[in-house]
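Below, chain A partners chain B and then partners chain C, in two separate complexes.
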Partner chain A sequence: MTATDQNIFDQTASVIRAHFRVDDRTHIGPETSSEDLPGWDSLSHTLLILAVEERFGIELPPDRTFDLENVGALVALIGQTLP
Partner chain B sequence: MSLPLLIVHGNCQTEALHAIFQTIPFLAERFEIGLSSSFNADLPNQPTPEDAARCALLFEQHDRNAYPLRDILPSSCTIVTFPSVDCNLLWPWNATNPCNAPEPPTFPHGRFPYGDSILNRCVDEGLSVDAIVKYYFKRLWEEQPPPMERLLSLERARLEAREKHCDVKMADYFFDRFRDTRLHWSANHPTTLILCELILRLLRTVLPEAEDMERSELVYRVRLLLGEPLGQIGVPIHPEVARALSLRWYRERATYPYYGSEYTMEAYVRSFADYAMQRKKAFTAA
Partner chain C sequence: MTASDTIGARLLRRANARPDAVFSVFHARGETETITFGRVLERSLRYTAVYAKYGIKRGDIVVVSLKHSPHLFYGFLGALLAGAIPSFMPFPSSKQNPVHYWRDHGILFDRIEPAAILTYAENAQALAEHLPRFSARTIIASDALFADVTPADAALLDRADADDIACLQHSSGTTSLKKGVMLTHRAIIAAIESYAESIGLTQGDCIASWLPLYHDMGFIACFMTSVVLGTRLAALDPFEWVVRPTSLLDALERNRASFCWLPNFAFSHIVNAARPQAHWDLSGVRAFINCSEPCKPATFERFLNRFSGSGVRPESLHVSYAMAENVFGVTQTALDRPARTMRCDADAFASGRIEPAQPERLWTTHLSCGKPIAGVRVQITDEGGQTLPDGTIGEIRIASDFLFSGYHHLPEITKKRLRNGWYHTGDLGFFLDGELYVTGRLDDMLVLNGRNYYAHEIEAIVNDVPEVLPGRTVALTIDDQRTDSAVAVVLAETRSEPDARTFGKAVRQAVQERLGLALHDVVSLTAGSLVKTTSGKISRSENKALYLSKTP
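So, the complex of A and B:
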């Protein structure tokens, strides 16, 4: 993981922690998926994406936003979308 | 001789579908109707493997928890998949409520099962109830308006992405009508009107008798017999959200159902904040 990737991951994980009110004891890694975090369902995923977009100042491509497998895939999509 | 079995599988919405199916005469005469929960396998009367083995028709909601007995279904069983009918649009701050806790038997899902990220933050910051109400209605939209157009396009993409996996589609119905009529009580609880449309679409995929069903008659009968099966709580809609979405059915002074009584939006927000603060104080003291 490059420094940039690590930075994107750290910020994404921070947004996820705030959005789902996940405490620091709960591990969030690239492999973490919606099934690992209580409250992360189809509905809340949309609002998570809005929070991520606000944090990074971007708009993610909607057609690629709802089939993401895990946090790593979300981080990769953010990296591809950032200018 | 027993009737063929129809099983409907999915989240809490399918409990309402199950109840409505039983009010439809031709369906109740032709099928035994079973319910399989995707989120609570401990519910009584879940279909057994023996039930699955004689299932003639499975209505399966597309869900991360798929129908668990699919391997046992007979090869003759018809399976129709459909989406959950949910919606974020009217509640852009929908969130988990960390202060909610089950209080059976009166509040089995807690007093405030639907959270709000703005109210959560205000409670975290220690604002008074009056200050929270003032901020929520007077300053929030000026200082931090949610990107409603973006939310609209993301919701459209979310529903369409999910429906790619379903035989029955509902996104077209929702986006064509949500401005003209109320289709949801909360993010995950639809009104009788859209539930009836889902039922018509489900039945018409496989049962010729359903072609003759009148939409208005079905809605009337369900409202008469069951009312609003998922309308125990109507989560209030912020007036600025209603304006941004041009909700023509919205009334700012409307009241919302809440476990058998009615609340205005301001009373709901006030009660929510007051309860959250009490819970937080009790937690801190403990």
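So, the complex of A and C:
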């Protein structure tokens, strides 16, 4: 991971923690998926994406946000979308 | 209405009289396609010709399982024009386990014996792999199908009769337990006309929808209404809507749509996703109709607060009580005033009586679902089948001029639910001042994001997770404050204390793979922790209270 990737990951993890109200003891890594965190269903996923877009000041392509496999895939998509 | 007044006949009549009138404005992947009545008929008749090539006859069942594409319309209507019996079915999600998915579909297909399964290439391939016995019956929907077929000659069709079964609507339950609601042409046309009259819906209106067509709201209120009445349908992809909920508001504004049906959770999903400064002109929308989930007054308040600046008025927010067994609408609130809200005393409510709220005492609020529409009778009954007076909670039963003809190939269930002309809904509710209020379920059905699941089905799946003690599981719903929607929670007694994260993931995966349902929370408990009733059954309500008391 480059320094930029690490920074995107850290910011994304912090949005996820706030969104799902999980504390620092819960591990969040690139492999973390919706089945790992309570409350991560399709509705809250949309709201998470909106929160991520707000944090990074970007708009993610809707057709690519639905089937994201895990946090790593979300971070990669953010990286590709950032100017 | 005559014996020849069928859905196919309506389509032919409309397309011949006004071929250039718009049937649908179809939105998909950022593109918009305008489909006229002439085009929808021409494409549908091509499908009729394709079905003839495959030997499909009048009365045969045709399953239509497609992603968002106009082929949904053409493939379904083409089957209707052939006198066949089409049925929309959902396609597998990427998170469902294909082995379970196809095993359940094998059981369902063995029961309904489809003569053709219209689907997309990837799904046809999976079907060939998992259900080779049905592989010869798949037809892959694509424009390539039309290349060497000419539209069937409308004059030579083996036309259905108004009293023939027009289609099957597959309703609640896991796939293998799904019940195919049989609806005649006559019932569908009469139900749509009566419902339209209750809301003043006419040919000039546009309906905007993201709803899937395998659900009665999307299928009847949106798609079939356009065929029967000639309304215009602005159609969005359900998956694109979930990701961009405000796309519905864009579609309402752009198409100057006047009606829109939504389950309760969708109102909140739109509010939660709308950016603070965003504004729409929704003043042309005569009714946002809340349907298919318990409707909450607080949800309406939030929607109104957020969008009053965009032209939404209190009298634009409405409620309908609807079900596939009555084609669609049973009751509807009057459009000339806001839907009524009843504030009741909580203690009296808990014991099944409705009394006005008193100062200093706990109360609950309920949204009215309105009055029965023309042609429908609704009664509230006790366990013995006696009608109950106003203000008393009991089971809702309905009789109507357009009730379903039974569940396809399920005579026992039909006999249980449809007795002496009355359909016993299993829903609980009460009447007050001529209006119906729906309060819950008699059985353990859970309504989640507009879809129905049975708690015992979820519990049976959780039971199979290795650490779980047999029969020591309860599935229940709670209100999630963040999304303002009902979510499912599972409590399970386990052999030892498993790692919470691994166990939670195993249970979530098992339920997701089988039912496509994302559980909100999974809690493992030591043996003997779940509260039982005096008769030894695990109590849903008391364990819910236990869960809520332990959750911050």
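Following the convention adopted for this analysis, the second predicted complex is superposed on the first by the 83 of 83 C-alpha atoms of A that agree within 3 Å, B and C clash if a C-alpha of one lies under 4 Å from a C-alpha of the other, contacts with A are read in each partner's own complex, and residues count from 1 in each chain.
Here is the rule we go by: a residue touches a chain if its C-beta (ideal position, glycine included) is under 8 Å from a C-beta of that chain, and two chains touch if they have at least 3 such contacts.
Since we're looking at a predicted model, the values are computed, not measured.
Engineer: Quick one: is A:Asp36 in contact with chain B, with chain C, with both, or with neither? Answer first, second, both or neither.
Structural biologist: second
Engineer: Examine A:Leu77 and indicate which partner it touches, taking first as chain B and second as chain C; both and neither are also allowed.
Structural biologist: Neither partner.
Engineer: Look at A:Leu50 in the shared chain and tell me whether it touches chain B only, chain C only, both, or neither; answer first, second, both or neither.
Structural biologist: both
Engineer: In the overlay, answer first, second, both or neither for which of chain B and chain C A:Asp63 touches.
Structural biologist: Both chain B and chain C are touched by A:Asp63.
Engineer: Quick check on my understanding: which residues of chain A belong to both its chain B contact set and its chain C contact set?
Structural biologist: 34-35, 38-39, 42-44, 46-47, 49-50, 62-63, 65-67
Engineer: Hey, which residues of chain C end up touching chain A in the complex?
Structural biologist: 29, 94, 239-240, 242-245, 265, 269, 272-273, 449, 480, 482-483, 485, 487, 501, 504-505, 508-509, 512, 518, 520-522
Engineer: Quick check: in the complex, which residue numbers of chain A touch chain C?
Structural biologist: Residues 34-36, 38-44, 46-47, 49-50, 62-63, 65-67.
Engineer: Which stretch or stretches of chain A touch chain B in the complex?
Structural biologist: Residue list for chain A touching chain B: 19-21, 34-35, 38-39, 42-47, 49-50, 53-54, 59, 62-63, 65-67.
Engineer: Given the complex with chain A, which residues does chain B contribute to the contact?
Structural biologist: Spelled out, the residues of chain B in touch with chain A are 64, 84, 86, 88, 92-96, 98, 117, 120, 146-147, 150-151, 153-158, 161-162, 187-188.
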